[in-house]
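Everything below concerns the one structure shown next.
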Amino acid sequence: MELLITIVSGLFLLVGSFLCLSGGVGIIRFPDFYTRMHAVGVTDTLGSVMILTGLMMQSSDLLVIAKLIMVLLLILLVGPTTSHVLAKAAFHNGLQPKGLSTENKHNNKESSSSNT
Amino acid sequence: MLIGLFNNWVVIVLMMSGLYIVIAQGNLIKKLVGLTIFQTSVFIFYISMAKVSGGSAPILDQEISVYSNPLPHVLILTAIVVGIATTALGLSLVVRIKESYGTIEEEEIQQQDNLQNQKENKVEVKE
Amino acid sequence: MINIVLLSLLVVVAIGIIRMKDLFAVVMLTGIYGLLSASFFVAMDAVDVAFTEAAVGAGISTLLMLVVITMTGRKEKATRHKPFAALFVVVITGGLLVYGTLDMPLFGSADAPIHNHVAPRYLNDSMQEIGIPNVVTSVLASYRAFDTFGEVVVIFTAGIGVLAMLFAHRRREEDEKLAAINDSMHEKHLVIRIVTKMLIPFILLFALYVQFHGDYGPGGGFQAGVIFSSAIVLYAMLFGLSAARRVVNQGFIQLMAAFGVLCYGCVGIASLLNGGNFFDYNVLSNDPVAGQHLGILLIEWGVGVTVASIMIIIFFSFAGRREIQQYVEQNKNKESV
Amino acid sequence: MIAHLPILQVVIPLMAAPICLILNRSKLAWLFALIVSGVSCLVSILLLQQVMTTGVISYELGGWQAPWGIEYRIDELNALMLLIISAISTIVLFAAPKSIDKEIVKGKHTYFYVLYLLSLTGMLGIVATGDAFNVFVFLEITSLSAYALIAMGKKKQAVWASFQYLVMGTIGATFILIGIGLMYQMTGTLNMQDLSQRLPEVAQTRTVFTAFAFVIVGVCLKLAMFPLHLWLPNAYAYAPSIVTSFFSATSTKVAIYLLIRFTFSVFGLSFSFTTVPLQTLFMTLGLVGIFVASISAIYQHNIKHLFAYSSIAQIGYMIVGFSISSVAGLTATLLHLFNHALMKSAIFLALAAVAYRVGNVRLDSLRGLGRQMPLTMAAIVIGGLSLIGVPLTVGFVSKWYLLSALIEQGWWPVAVLILLGSMLAVIYVWKVVEVAYFKEPVGTPVKEAPIGFLIPIWILVLANVYFGIDTRFSVQVAQAAAESLFGGAL
C-alpha cells in the first residue's frame, strides 16, 4: 500500500513538474503575448495542482494536508483570475495578437489611454 | 576554505551591484531599486552567517538539538522594516520631484538647478 | 546545493536589473529578487525573515514602486552616466570586503564566535524564561524588545513622512467625480472584483492567524500587519480609493497608527509602574512566564496595528496623489478640447 | 523614578510623537512638543548631575543582563551630548510657530511637530544606547524624519536635496550595518562594552579591520566630513529655517559622538590609532576640509549656503582635535562640539527671523538690514565673531584649547594652518556684515523680528558670550568626558 502511494505521488510530482516545465518552454517559444500567456496560464495551474496533490500523498500529518489544500484552493482561485486580468489589460492597452490585420489596430488606439 | 567563503563572495558581488546601480544610474527610481538590492544583499550576508550546518529553524522542538542562530534573524527583521520605510519615503520624494521638476533623471534635474542658480545670481549682479 | 543555485539566480537578476532600461521590468525583477532572497532565507533556516522579506520585498515595495511608475513614466532615458567613477568605488569597497572575508569563520561552522557567545542562552534558556517555542519571537519581543520598539517607530516615522510629502486635501466634488469614474469601470473589472470579494475575508483571517500564531511558528505582528493591509489595499485598487476611504478614513487610520505605538510603549510604562525596568514583562503578572506571555501578546498587537495602518496610509497617500494628478490632467484635456 | 531617568530621556519624546499626532491642532501640538522637549531637557540636566557625582549609569532594558538584552549606558560624554541636544531642541522650538506659519502649508503643521519630536527621539536614542545595533535603529529614525523635515522646505530644490541626502544617508547607514555585522561575526556580541572587551583578542584579523573601515566611512558620511560632505549644503540651505537651526546644531554632532564612541570605546585607542593610520588620515582630511569649505563659503550668494559650508569647516576643526588623540585634543573637540552647537543654532535662528521678515536669505536681500533689524543682525554678528574665534566668545575658548593641544604635541605647522583657516572665516563673516551694515537698503523697509524669535535668539547669543567668559562648566564636563574616554572605561 505504502509503495503504491509513493509511486502514485511520484507520478503526480513528475507530471506536475513536466507541465510547469512545458509552460516555461512555451513562454520562450511562442510568438506573441497572448499565446505565451496561454501556455503559462493553463499549464501552471494544472502543474501546481498536480504537485500539491503529490505532496499531500507524501505527508502523513493532517495539519500539513489541510494547509496544502488551502494553498491548492488559493491557486485554483487566483491563477486563472490573474491570467484573465493580464490578458484583458494587454488587450485594453491595444496590444494585438500576432497575425491580426492592421486595420483593427486603428480602432483600438482610442482605448489605449485607459489603464487598469 | 573556498566553499566556506564562496557564499560570502557571491553576496559581496550582489551588494556591489546594488551600490553600482545607486552610483552609476541617473534614474531616481533605479537608484532606489539599487538601494533596495544593496540592503537586501546585506540581509543575505547576515542571514548566511547565522546558519549552522545541520541545524534547523530556531523554533524549539524536543526532537531537534541543533538550531541556527536566532539573533541575526531578529536583527534582520528589524532591518527589513527599516529598508521598506526608506524605500517608501524615497518613493514619495520621487513623486514630488516629478511634480516640481517634470523629470526623474538626475542630470536633467541638476541642469535645471544650475540654470535657476545662474538666474538668481544674475539678478543680483544687475542690482 | 540549493543555496548556490539561489545565489546564482540572484546574481543573474541583479545583472538584469543593471542592464534593463524599462523601469517596469526593473521593478518586477526587484520583486523577483525579493522573492528569491526570501527562498534563500528559508534555505538558511530563517523562516521568520523569509516571511517578512516575501511580504515586503516581493509584495509591498514592488506595489509601491509600480504605483510610482504610473505617475513618473516607465522609460529610463539613455543618458550618459559615470560608470567609471562608480566602478572605481564599487571595486574598492568590494575589494575591502573580500579582504575582510579572508579571516571570517567558514560558512556553517558551528564553532564560530556568534554561535558560542550570546546566542546559546536564547536557545537554551528562553523556554524557561519566556516559555514560547519560537526563539526569534522571544528574542524580538522580550530580550531585544527595545529594538523592535525602534522598528515600529521607524515605520511610524516613514508613514508620517510620506503623509507630510504627499497628503493633499480633496474637495467633496472631486471625490464624488473620482468615485463616479470608478463606478463606471465596474463592467471592466467584473471578474477580478468578484474573486477579490471572495478572497478578502480569508486574507484578513490569515492575518489574524499569523498575528496570534507568531509565538509557535513563523509570523508575528509585523507580517500580520502587512497581510492585513494588503487586503485593504486590494480593495482600494479594485473598488476605488473613495470606496476604501469610506471603510477606513484618514483620521481613523492615523489614530490607529498612533495607538499602536502607544500600545507598545504603554507596556513598557506599565512595567515601570509595577517596579520593574522598562519592558520588564516579568512584573506584569504574578507568574513571570505569564507576564512574559502577556507582554509579548500586547506588544505584538501594537506592532500589528501600527504596521497595518501605516502601510494603508502609505498606499492611500500614493494612490490619492495619483488620482488627483489624473483628475487635473483630465480637466486640462477637457479645457483644451 | 530617578533610577529610570536614562530610559525616560528617550521614551518621553518618543511617546509624545504619536500623542502629538492625535492632538492634530497646530498650536496645541507646538505647545505639547515644547513642554515635552523642556521635560527631556530637565531629565538630561538631572542625568548630567547624577553622572558627574556617581559615575557611569547603566540601565538594563527589560531587566535582561547586558550582552543578552539592550543596555543604556550613560557616562559624561553621553550626558553632555544629551544635554546639548535636548536644550537646543527646546530653545529652537520656542521660535517654531511663527516661522512654520510662514514656511509650511497649513495642513501639515502637526506632521512637522511629530517628525521634529521623532528626530529628537532618534538623536537622544543614538546617544544614550550602549548597544551597537540599537544605534543603527535610532540612526534610521533620525534620518527618516530628517529627510521628511528637509523636504518640507518651501522651494522645489528642497525635495531634490532631501533625496540626495536620503541616498547618501542610506548608503552610510548600510555601511554601518555591514560594519556592525562584521564585528558581530568576530565577537558574537552587540553590546559596546562587551565588544570592547572581546575585540582585542581578534584585533589582528582582517575582518575586524574591514569592520572598522566600514563603520568609520559610514559615520563619516553621516558626519559630512570632507570629502563626503556634498549632501549637506543643499540639505541645510533648502530645509525650513527651524529645521536648519536644529540640525546644524545637533545632527552632525551626534555623528561626531558616534565617531568618538566607536574609535575610543569600542575599538579602543590602541587599535584605532596605532594599527590603523587614522591619525594622519583624519588630520589631513580635517585640514583640507577646513580650507576647501571655508573658501567655498566665501563664494556663496545664499547665506544659508554660506553658513552650511562654514559648518563643514567647523567639523574640520573637530576632526583635527579628534585626530590628535590626546586628552587635551579630545577636550578641545568636545568643547567645540558644545560651542559650535550654540553659535550655529543662534546664527540659523537669526536667519530664520530674517527669512520670516524678508522672505529669503540671499546676500543682496540683506542690504541695510543692520539698521532695520538691529537685534537680529547683532545676533548674527556675535555668532559670526564666535565662528572666527574672537576673545570673549565661545569660539575663542575652543580654538584656544585646540591650539594648546596641538602645541602640546609640538605640531606647530598644523596650529598655524588652523589660525589661517580662522582668517578665512573672517572673510565670509565680513561679507555678511558689509552687506548688512554698509549698503543702502533697497525695496520696502522691514520691521524688527517679532519677540517670539528674539527671545530664543538672544538666549543663545548670551549663552555664546556667557560660556565664552565663564568656562568652568563646559571645560569641566568636556575634560571629565575626555579623561573617562582615555581611562578606557566605557
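A, B, C and D are the chain letters, set down in written order, and residue numbers restart from 1 in every chain.
Heads up, the rule we're going with is that a residue touches a chain if its C-beta (ideal position, glycine included) is under 8 Å from a C-beta of that chain, and two chains touch if they have at least 3 such contacts.
What you see is a predicted model, and the numbers here were worked out from it, not measured in a lab.
Chemist: Could you see whether C-D or B-C has the larger number of C-beta contact pairs?
Modeler: B-C
Chemist: Taking the mean of the C-alpha atoms as each chain's centre, how many Å separate chain C from chain D?
Modeler: 31
Chemist: When the C-alpha atoms of chain B and chain C are each averaged to a single point, how far apart are the two points in Å?
Modeler: Whole-Å distance between the two chain centres: 15.
Chemist: State, to the nearest whole Å, the distance from the C-alpha centre of chain B to the C-alpha centre of chain D.
Modeler: Taking the mean C-alpha position of each chain, the two centres sit 26 Å apart.
Chemist: Please report how many Å separate the Cα centroid of chain A from that of chain D, as a whole number.
Modeler: Their C-alpha centroids are separated by 57 Å.
Chemist: Scan chain C for residues touching two or more other chains and write them down.
Modeler: Answer for chain C, listing residues that touch two or more other chains: 97, 101-102, 104-105, 112, 114-115, 118-119, 122, 144, 147, 150-151, 154, 157-158, 161-162, 165.
Chemist: Counting only residues that touch at least 2 other chains, which ones in chain A make the list?
Modeler: If we look for residues of chain A contacting two or more partner chains, we find none.
Chemist: Would you mind listing the residues of chain D that make contact with two or more other chains?
Modeler: 133, 137, 140, 144, 147-148, 151, 159, 178, 184-185, 190
Chemist: Name the touching chain pairs, would you?
Modeler: The set of touching chain pairs is A-C, B-C, B-D, C-D.
Chemist: Under the touch definition given earlier, write down the residues of chain C that touch chain D in their complex.
Modeler: Per the touch definition, chain C meets chain D at residues 96-97, 99-105, 112-119, 121-122, 142-147, 149-151, 153-154, 156-158, 160-165, 167, 169, 254-255, 257-259, 261-262, 265, 268-269, 272, 276-282.
Chemist: Which of the residues in chain D come into contact with chain B in the complex?
Modeler: The touching residues are 133, 136-137, 140, 144, 147-148, 151, 156-157, 159-160, 162-163, 166-167, 170-171, 173-174, 177-178, 181, 184-185, 190, 301, 362-364, 442.
Chemist: Provide the residue numbers of chain B that touch chain C in the complex, in ascending order.
Modeler: Answer in residue numbers: 1, 3-21, 23-27, 29-30, 32-33, 36-37, 40, 43-44, 47-53, 55-61, 66-78, 80-89, 91-96, 98-99, 104-105, 107-108.
Chemist: Considering only the defined contacts, which chain B positions touch chain D in the complex?
Modeler: Contact set of chain B toward chain D: 15, 19, 22, 28, 31, 35, 38-39, 42, 45-46, 49, 71-72, 75, 78-79, 82, 85-86, 89-90, 93-94, 96-97, 100-101, 109, 113, 116, 120-121, 124, 127.
Chemist: For the complex, which residues does chain A have touching chain C?
Modeler: 77-78, 81, 84-85, 88, 92, 115-116
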